[in-house]
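To start, I am sharing the structure in question, which I have written as structure tokens.
As written, the chains take the letters A, B and C, and residue 1 is the first residue of each chain.
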Amino acid sequence: MQHLTKEHFEPISVDLRQAEEIKRPSLSFWADVWRRLKMNKVAMASLIFIVALIVCAVVIPMVSSNDYFTTDLAGKNKKPSAEHWFGTDDLGRDMFVRIWYGARISLEVGLAAAFIDLIIGVIWGGIAGFYGGKVDEIMMRIADILFAIPYLLVVILLMVVLSPGVGTIIIALTITGWIGMARIVRGQILQLKSQEFVLAARSLGADSGRLIFKHLIPNALGPIIVTLSLTVPTAIFAESFLSFIGLGVAAPVASWGTMSSEGLPAMKYYPWRLMFPAVFISVTILAFNLFGDGLRDAVDPRLRK
Amino acid sequence: MFVFIVFYFLKKDKKEKVRGVIALKKNVFALVSSIAVLGTALAGCGGGQQAAPAPANNTSSEQPAATPEAEKKPQVLKLNLHSEPPTADPGLSEDTTSAAIIRATFDGLTRIGADGKPHEAAAEKVEVSEDMLTYKFTIRDAKWSNGDPVTAHDFEFAWKRALDPKTGANYAYQLYYIKNGEKANKNEAKLDDVGVKALDDKTLEVKLENPTPFFLELTAFPTYFPVNKKVLESNEKWAGEAKTHVGNGPFKMESWEHKSKLVLVKNENYWDKDAVKLDRIEFSMVEDENTELSMFENGELDWAGAPMSALPTDAIPALKDQGKITTQPIAGTYWYKFNVEKPPFDNVKIRKAFAYSINRQALIDNILQTGQLPATGAVPPSMVLNANGYFKDNDLETAKKLLEEGMKEKGLTKLPPITLSYNTSEAHKKIAEAIQDQWKKNLGVEVKLENKEWKVYLEDMHEGNFQIGRMGWLGDFNDPINFLELYKDKYGGNNDTRWENPKFKELLNQSALEADPEKRKKILADAEQILMDEMPIMPIYFYTNSWVQKENVKGVVIGGLGDVDWKWAYVE
Amino acid sequence: MLIRYLGKRIFFMLISLFLIVTATFFIMKAVPGGPFTSEKNVPEEIKAALEAKYKLDLPLHEQYFEYLKGVITWDLGPSFTEKSSTVNEMISRGFPVSAHLGAQALLLAIFGGIILGVIAALKHNKWQDYSAMVIAVLGLSVPGFILASFYQYFFAIQWGLLPIAKWEGFEYTILPSLALSASPMAFIARLTRSNMIEVLGQDYIKTAKAKGLHTFTITVKHAIRNALLPVITYLGPLIANILTGAFVIERIFGVPGLGREFVLSITNRDYTVIMGTTVFYSIILVVMILIVDIAYTLIDPRIKLADAGRE
């Protein structure tokens, strides 16, 4: 039997600072989200698709031999072919290039509207839900009033005041677009704020701002992302409606929304005029949704392993 | 899912083409022959016609005798109204839907027959004084749909009511031909002074302001229809429901489910009921034109498209291939207006360059597709002054030369930014896009497009807030003056262009005094020449009506202004 | 407590309604064009007579007070375009139809949406989840008007299973209800899924599982109830919107509902109808939102009613 001597032992130093050392690599919140997002194949595929779409929307109209405005009345309503991949529209314009031009507007409008709705909605709903009482009452009633005034009237008035263009469209979309988001956030905050972790954070001395934006909002991210995924398609289609009123980009530029509403009556006769814009919208929205789901899972602290 | 649908549609498309080849039969329509009959004829008089039966005042003996077999089966016509008729009260009517229902449920002193001419209807005899200023109508023994006798008092009451400013009838100006009519409507004279008087139950005396050769066409217009005084006085809202609606026409209202369904049935009290072969007309109210066409193709409707609604543009090539479409010109012009006070269109040569450099025929063949005529003048063919037009369509050479000269005159090396405005609609947009591209190709000019919501657009046009703007005009009556008058005064209600020309004005004033129709025509043609030399408006095309109908539907009379009468309609 | 809360809320509701009416009235008047603006300008005198008839010649503030009086006595005035109808008649004719259509669509949306969402959540990241979500996303990204035309084309025109259009019996209501329910159903499905996933990860569900409760019981008794709160939030405005009609769907299927009045009255500048439909819609909206706020507390007892935020 071996005798244990003192030499076999080595005293460790008692260093309090070391006790606090973090052995795992230090990751910021978003770096951690990114690490977990990368593991989700569906979400990554969606992200790649979205990036590719944006690149195509920028590049294809620049390099294509066709343009979006030259009409060819003799070659109207042609089926998809080698020359016109997506066929031609009722003025003989190449649908392929028009789709990619449309992508620029629809993506721009959809994403910008979603982003602005998100910011306003989260702040408004967050504050109303957190403070409750009179603040809540007044803020939510303001939202109700805005929601109830006929939107079409407001938009026609906007048209008179502002000049048409993408910027105006985004303003028109966000006037009432954030209300849904604000309602959902408020509802979530109301539910969450009486839970124990909020009490814990509060007793640790967290102030209201920190409580709302560090503790409550991250826990409400699921519904927020879902609402956001509704905002994008709504914005894309609302844009075509606003273009109809005269707020939108001037013809002959056409967004996806405009193209699909114009293609609708042609559904029976020239189906490609509806199908291409409609399929692009659907697939894009699907990609945004799947990416949103992945992102939700990635930010959910409970699913962290 | 989408792949499946795409495939399905492609297949469907092929099938339809085959069918189109087999059914190469073309519908024939009789060209308007009667339009030129009267120099000045009011709404409802010019008429294109469709398998037309005998005129109104003849007895049924002249009608093709119905076979006993056909008599057994109830005669039902299924139509679509497109929208709820805003009113069924003749005095308040101002739109085609209301007018069609009113024409079916009322009878004026006269009625426009299939020949496009007025015939006695509620009046059995008309006497005209030598100075053409006094008309004496003898009212026929006839009954309202509720059994009351139709009297001269009903006419007097109805006309005075429409002229009463308190009634607020938009179309009261149709009665301005009657002595003191205009003054009474503008509160400058008493209603009692208006030149219409029932001498007794059977005699109506009408005094006119001026000799009006087309007065008997006027009396076939809804504003001139009688109203049952007793009914109106007992219930102000009589015209709003089928139960209380009382007319004196070939049909009466059986039911009116607002916004949904309206049923007319044969009026057994009608004086000429033997001429009416239809037992029922069932109207649905479907606004969507694609739905309407689908319902027609499914056999739920006997008619789709004009004059109550329209055919979807994208369906037209297929319908044409199948030879199903019927087209008829109507008195209307589609034009672009220049604002002659805004550069560069303050220069006549530049205006002309823009007008000459578009290819109207190509627009018609490829976009409009229903036999419209390229417009190289302001006045539509049914009342044409110069059948050859005033300039050449698609005259690129002249256009380029004019543009160069015009720019030199203005000292321009480059045109200022130009915007073409239109009110939002698929059809206007397509035409604007095509013309924008033509200007770019033909003149090398970049034009911006701008669309606006309808009423905002109208305000902007009326206020001169545009450079080039789309407008159209559908004739109120079949006379060139109706189109030329628009541009008489710089700030006239419907001018918009800010253009004015003393010579033009002078000619129009002359025409009003000229009694000789040929001379008058010459004067008006000179005026149109000035209008086209100055080109404040750029005519594009003359309107047509097009529709599809079941082949066994006969006898529907459609006038040259798009007014429809079902009195003589029947189903074979 | 509840009564005091209700009293306070009803007071706020009336103020909201007043502000909505006021804002709409003045925005409406600020918008260019009026009921008598038309392609063919009528003579000035006739226009003036018409304006006098409808009291549009009065100063703006008098028109406004006239209108407020009308709202309070629920006499919304005559329509400018449909001369044979008053606004009250138009609402009482159109609303039952729209409400019928809306109620059917709503039931479809809520039940369909919750079932899809629950299935997706229970099978998180499995094929059932993905298929449910693809259906939901299609419902979101193919808007009602395209879907309506598809349904009409296939079910009615191609296969002849259902009527193309009009409103004359139950079979006429099926296609429009389906088309109208698509988007809310998709949204409810996604919301339910997202919340269910969160709730299923909570400790009390694990506790329930550990106790050996059946999955079905856990889902129904514990999970769904807690996952529904955001759905309820969304329901208030949805119910108001869907019951008062959907313009495009009504147009395509020829449904004589109220939806078209909202749009057409504005394009026609039919002032009384604009105001009437807005007032009517606003009342339904504020009442629905109140009901939703009360429903919160019933579903989640942790949320306090009146003084939710007081510490």
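Note that contacts are C-beta pairs under 8 Å (C-beta built on N, C-alpha and C of every residue); 3 or more make two chains touch, one makes a residue touch a chain.
Remember, it's a predicted structure, so these values are computed and weren't measured experimentally.
**Student:** When the mean CA coordinate of each chain is compared with the mean CA coordinate of the whole protein, which chain is closest?
**Tutor:** C
**Student:** Counting only C-beta pairs in contact, which pair of chains has the most of them?
**Tutor:** A-C
**Student:** Using Cα averages as centroids, what's the distance between chain B and chain C in whole Å?
**Tutor:** Each chain's C-alpha centroid was found; their separation is 39 Å.
**Student:** Chain A to chain C: how many Å between their CA centres?
**Tutor:** That gives a centre separation of 23 Å.
**Student:** Take the average of all CA coordinates in chain A, do the same for chain B, and state the distance between these two points in whole angstrom.
**Tutor:** 50
**Student:** Return the residues of chain B touching two or more other chains; collapse runs of consecutive numbers into ranges.
**Tutor:** In chain B, the residues touching two or more other chains are 5, 290, 453, 456.
**Student:** Of all the residues in chain A, which ones touch at least 2 other chains?
**Tutor:** 156, 160, 267-268, 278, 282, in rising order.
**Student:** At least two partner chains per residue is the criterion; list those residues in chain C.
**Tutor:** Each of 31-32, 138, 149-150, 153, 267 in chain C touches at least two other chains.
**Student:** Which of the residues in chain C end up touching chain A in this complex?
**Tutor:** Interface residues on the chain C side: 8, 12, 15-16, 19-20, 23-24, 27-28, 30-32, 130, 133-134, 137-138, 140-143, 145-146, 149-150, 153, 187, 190-191, 194-195, 197-198, 201-202, 229-230, 232-234, 236-237, 262-263, 266-267, 274, 277-278, 281-282, 285-286, 289, 296, 300, 302-304, 306-310.
**Student:** Mind listing the chain C positions that touch chain B in their complex?
**Tutor:** 31-34, 37-46, 49-50, 52-54, 81-85, 89, 93-94, 138, 149-150, 152-153, 156-157, 160, 164-167, 251-254, 256, 260, 267, 269
**Student:** Going by the contact rule set out above, which residues of chain B touch chain C in the complex?
**Tutor:** Against chain C, chain B makes touches at 1, 5, 84, 86-89, 92, 165-170, 172-173, 185-187, 237, 239-240, 257-261, 284-288, 290-291, 294-295, 297-298, 300, 453-456, 458-460, 462, 471-472, 476, 493-494.
**Student:** For the complex, which residues does chain A have touching chain C?
**Tutor:** 42, 130-133, 135-137, 140-141, 144-145, 147-150, 152-154, 156-157, 160, 179-180, 183-184, 186-188, 190-191, 194-195, 222-223, 225-227, 229-230, 233, 237, 260-261, 264, 267-268, 274, 278, 281-282, 284-286, 289-290, 293, 296-297, 300, 302-303
**Student:** Under the stated contact criterion, what part of chain B meets chain A in this complex?
**Tutor:** 2, 5-6, 9-10, 12-13, 16, 289-290, 312-315, 317-318, 362-363, 365-367, 424, 426, 429-430, 432-434, 436-437, 448-453, 456-457
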